[in-house]
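In structure tokens below, several structures.
Each of the next two complexes has chain A plus one other chain: chain B in the first, chain C in the second.
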Partner chain A sequence: MTTLTQAPETSAARETPARRRRRVDRLPYLLLLPCLVIIGVLLLWPLGQVVAMSFFRLNNVRQLRGDREWPWVGFGNYAEILGDPFFLTVLRNTVLFAVANVALTMILGTLVGLLLNRLGKRMATFVASCVMLAWATPALTGTIVWKWMFDDTSGLVTWLFNALPDGLSNALFGRADWTGYGWFNSPLLFFAILTLVVVWHSFPFIAVSVLAGLKSVPSELHEAARVDGAGPWKVFWKVTFPLLRPVFGILVVLSTIWDFKVFTQQFVLAGGTQDRPTFMLSIYSYAEAFSPPPKYGLGAAIAVVLTLILLLVTGIYVRMVLKQEEES
Partner chain B sequence: MNRWKRLAPVTAVVASAAMVLAGCGGSGDDEAADNSKLTVWMMGEGSEAQTAFLDGVETEFKKKHPDTDVVVQYIPWLEAPKKFQAALAGGEGPDVTELGNTETQGWADQEALADVTSKFGAWPEGKDILPDLVKNAQLDGKQYGVPWYAGVRALYYRTDWFAEAGVKPPTNWDELVAAAKAVQAKKPGTYGIALPGNSELPFYSFLWGAGGEIATKQGDTWKSGYNTPEAQKAVKFWTELVTVHKVAPPAAAGWNEIDARTQFATGKAAMAFAGSWQGGAIKKDNPEIEKVWGTFPIPGPDGKPAPAFAGGSDIALWKDSKKQDLAWDYLTVLLSKQKDKEFASSLGFFPVYSDLVSGGEYANDKIMAAFATALQNTKLTPLTPKWVEVSRTKTVTQAMNSSVIKGQKTVDKATADAAAEMESILNAK
Partner chain C sequence: MRRGAVVKRVALNGAGLLVALFAAFPVYWMIATSLKPNREIFSATPRPVPAEPTLEHYRQILTGNLIPGVTFADFFLNSALVAISTVLLSGLVALLAATAVARFRFKLRTSFLIMLLVVQMIPLEALVIPLFLMIQRLGLYNTLPSLILTYLGFSLPFAVWMLRGFVAAVPKELEEAAAIDGASRLQTFRRILFPLVAPGLVATSIFSFITAWNELIFALTFVNDQDRYTLPVAMTFFFGRDDTAWGPVMAASTLFTLPVIIFFLLVQRRMVSGLVAGAVKG
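Up next is the complex of A and B:
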């Protein structure tokens, strides 16, 4: 820290010709400009629009075109959302789903990462490519295939459960005939399947990132710990985890962001925006804004709330990670 | 100097990117009264028969407007709302469009469609169109669309399975359950009836058959009919097909009409609710089925056919179009009695003219006869632009029925909740 704050003072004190220095400084910004323009037009401008829209009552497409007035409602949209008991259901769904998914993704991803680190070269390549296939599958296609697997008449899962011995199936689940079973009927079962799909999709990234982190840790540390008599559990928590803490920090933040705004998988599995008891914030925002009759203002307000929650959660987490680092 | 020279390409790229981006917003608006082209949006995938038919319409239309080319674009039904919103937001829409008759009021409310009240009033053939369908295309007393074809739902059934089980097409609710049970017992591994638990329109026939109403307007406020004993009787009957009689599986709670129809087409169900126009899709799934299928009207509880929802399509003029008169001329050619009859029968729909459907035209058709009977007694969903929110967005009726089938709510609780939600939406300011 100290060196950083001192650096400009010392260089200023050195009295380099000011003209020359400014020239050199401007170039990087100019080079950044094209990127900034694109980000500005494609990201910041729409983002600003969404925030602005959340303060107006926008129920007609023509308002978006500027043909009609935008009646200002202040925090009216926010009051309407927060006052609706349905919002609590949605928020609860979102938070519980995100917590469960981040935890499961991190655990599974880390385990697979550790496994990849221990495997021989050929096997590691094989496992890694299999795992990366899941990561490379587009969310839409992947989810459609999962949905087919849970089809109530000809799905693979239905077939598997039907293949169980009747006695066992009856003892475990109280039914032997699974044809026609409504896999997506209860919200809990729906979320379980959604979790399966989302975790399947996101753990490969964690696994590969953890593997990359592990490769950068000198193997002597692990060997030394093992020689001292530490078991795998202890080695992980005493050696690997502290060393990879920054990596885990970033991965948790990224996973949190991704799992909070899951949309595609839910939209496909639920077959659109009909299954309201399983709504989470992003699909709720979409449904309010775009299902007829459109309520763009309300949808925008929900999106802003989602963004604020995300900023809050990740902000707190990043602070936590930074603090721990300072301490250690 | 040197440095700026080096930067020149960068600046050029940035500048041109900015120009391109700025250019996106500009253009348009400069084709005021260019009558060389008329854009028509049609729903669906566009079968060969439909394309050939529309070519014929264009030929007819060109007799009057030889310099106008008609450009037909097909839009999948489920894409339509997004396409309409985008067209409305961007200002580039069609001149004439087809749309589902349940959606006309909603889009009229969004100011997407032109008011054709006076044009429609001055068009002689329009007087013979079935009044329920005409009313369904109105908002606040103004006409925003003209009915094109009509469709009602009935029950398709397997004649061979019914014969094996020794049952006849049912004419009341008890017989419906008995027939479903008898066939299911005779044909293990199949369902007596493919119940679309996540669809509302077939259910309304049971609601209306029991003497219930969806909602009625009393003065300025809408009152839901769902907490009446009649409605509860209908919900009880509909859901007990799964929960008590077990002639449909629990998964039916999530089935829409297409899912249910597929069960029938693939030989997994003995009966299914479907419209006359869906016969083609059923045959496509299973060409053999033509030999062993029949239809009967959805029965009421007491032996009379239940009222059916008057479904179908409307043709509307796009409000932003600058060629309203040209578009109307196209509409009147497309909707002329002769063309309408030709088109409707090729698709398995009915023409919208009362004199064309009331005659004995369909009495001897094995499939169409039941639909023609159902068409004699139709009803509508509540006439308000807010209905679409109850029906499509909040899916109040579907959720009510599904929650009972899934065992999450009792009939009393589900109907009371649905009534309250419906009233809060319909009466919102």
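Up next is the complex of A and C:
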């Protein structure tokens, strides 16, 4: 009689290899089939397709429908983007943004995680609940609220800067009246605000994960280190960090992947795809493909570049997870 | 010594309050703004709390036509239809696959698990062009099913990854006992496994729901007719570009955000364990 459960420990103990081989069970494959088909058709096939598309000149939606020829251009699209100085600007924006955001998210998240671990029970619950709110807020509406706070007439930030003493404001920023100030006009300031929004959205996950890690570390270790006269800085780097190294590794990789492909926050903050100086790879690819005149092939080539970068990071991530599965 | 401890306590709690303020304030400000009359929203000195709270912005977005014949409620329904369809399909398929991985040992099991991890890392933004091609070819352009299909693919890998833990947590002995009592595999699945996995299925479904509910880029690209917009697209389109109507914008944002926050708080614990699975040994 076949049962639904065939764990290796029990079946291996009871059955000889020959018996097991005779009874190849098709059921698990049947159960997996719908999932495999969906992942194959909706994720893997398009992933191949985007590579294929990047080798064609596709500037018309009728080509996509199959009504028109696809002219092969080889590496023409790649040559075009790599030869364009603007691409380098975009690449620089993407990398700098990701590095800055990962660093800030990790630092803030870790500090908050450590803080939550030290707070009293009621206070910790309160702070954690508030932190959860930032995490739960959808990227879209979170960004809209920040945009409202940076509104140039009635926004809270504009009001705060107006409330600074005029002398101080003049000395620091060279202006006292902030009403009508275009917060999003200079690329640097735009990226600073985008960073604020993205870090606000992503530090809660880091904080909660670090807290979960801290809870699993025996507190005697910390106490022993403290008794030995180590300060908080030293305790963190000599005790906490080495113990939680795997957690930090995964968190850094996940954050890197997320921050490389930020789209919604940028799209909303910039009000669409017109703000070229602040482009990063994902929005650049989208704008080339879908802003008129459409250049699907070129957009695909940019998407491939982004994917290759992320693939590299993913490789590191998978290796880490597998290593941990083996160890545990 | 004692005084030092008090100072430390105060400093820690102060830092805690600052973090809480930074994290929760935008959400508070969204709700507060949505309840303020226009003269308070646009006054030179913002009030921290609405002095004369009003529901006029909610009334405006719920009853007013954003385009002729289409109200906020229609976009809300479009979004709900897409998200709920995604949840049902993804839940069903994920449950089957999770059962396969958690209950059977077969040749390609490890490969499948690795693939699940890898596909979760595919930048979905990079797939918008090829999926646009696929949707065009299938004749699904400008329909809500195009979005359901897309989100099904996006939510499935994480759903399987998360559900397999729930299936594995159900004691095998229960199923073995049922099998000995003569229950068929289908009966065992339906009577034993399914009820015990149901809470996990709910948690997983919430993640699929949030994925589908929040998604913007694909909804922006695959649907052209305004009356078929999902809520995120409608919000960027009708509100995001009109910088003066902050009252209605915040009211709409609040209505969009609240279901997500409520759902999210129900399941966030599992998210941490799902994402950093196995990273910490207890």
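Note that the second predicted complex is superposed on the first by the 282 of 328 C-alpha atoms of A that agree within 3 Å, B and C clash if a C-alpha of one lies under 4 Å from a C-alpha of the other, contacts with A are read in each partner's own complex, and residues count from 1 in each chain.
Here is the rule we use: a contact is a pair of C-beta atoms (placed from the backbone, for glycine too) under 8 Å apart; a residue touches a chain by one contact, two chains touch by 3 or more.
Quantities reported herein were computed from a predicted structural model and do not represent experimental measurements.
In the superposition on chain A, A:Y317 makes contact with chain C only, not with chain B. When the two structures are aligned on the shared chain, A:A230 is found in touch with neither chain B nor chain C.
Contacts of A:N185 after superposition on the shared chain: chain B is touched, whereas chain C is not.
In the superposed model, more residues of chain A are touched by C than by the other of chain B and chain C. Once chain A of one complex is fitted onto chain A of the other, the partner contacts of A:P34 extend to both chain B and chain C.
Legend: residue contacts after superposition of the two complexes on their common chain; A:L164 is shown touching neither chain B nor chain C. Contacts of A:T273 after superposition on the shared chain: chain B is touched, whereas chain C is not.
When the two complexes are overlaid on their common chain A, residue A:V239 makes contact with neither chain B nor chain C. In the superposition on chain A, A:F126 makes contact with chain C only, while chain B stays out of contact range.
After overlaying the two complexes on the shared chain, residue contacts for A:T137 are found with chain C alone; chain B is out of touch.
Residues 27, 31, 34, 38, 41, 61, 64-65, 153, 271, 290 of chain A lie in contact with chain B in one complex and with chain C in the other.
Within the complex formed with chain A, the residues of chain C that make contact are 12-13, 15-17, 19-24, 26-27, 29-30, 33, 41-46, 93-94, 96-97, 99-101, 103-106, 109, 112, 114-115, 117-119, 121-134, 136-137, 149-150, 152-154, 156-157, 160, 172, 175-176, 179, 185, 188-189, 193, 210, 213-214, 216-217, 221, 232, 235-236, 239-241, 243, 246, 249-250, 253, 256-257, 260-261, 264-265, 268, 271-273, 275-282.
Contact residues on chain B toward chain A in their complex (touch as defined above): 3, 7, 10, 13-14, 17-18, 21, 81-82, 85, 88-91, 103, 106, 109-112, 189, 191, 198, 249-254, 256, 263, 268, 385-386, 388-389, 392-395, 398-399, 402, 406. Residues of chain A touching chain B in their complex: 23, 27, 30-31, 33-34, 37-38, 41, 60-62, 64-65, 152-153, 179-186, 271, 273-274, 276, 287, 290-294. Note for the complex: chain A touches chain C at residues 1-8, 11, 25, 27-29, 31-32, 34-36, 38-39, 41-47, 49-50, 53, 61, 64-66, 112, 115-116, 118-120, 123-124, 126-127, 130-142, 144-149, 151, 153-154, 156, 159, 200, 204-205, 208-209, 212-213, 216, 244, 246-247, 250-251, 254, 257, 260-261, 263-264, 267-268, 271-272, 282, 285-286, 289-290, 296, 299-300, 303-304, 306-307, 310-311, 313-314, 317-318, 321-322, 324-325, 327-328.
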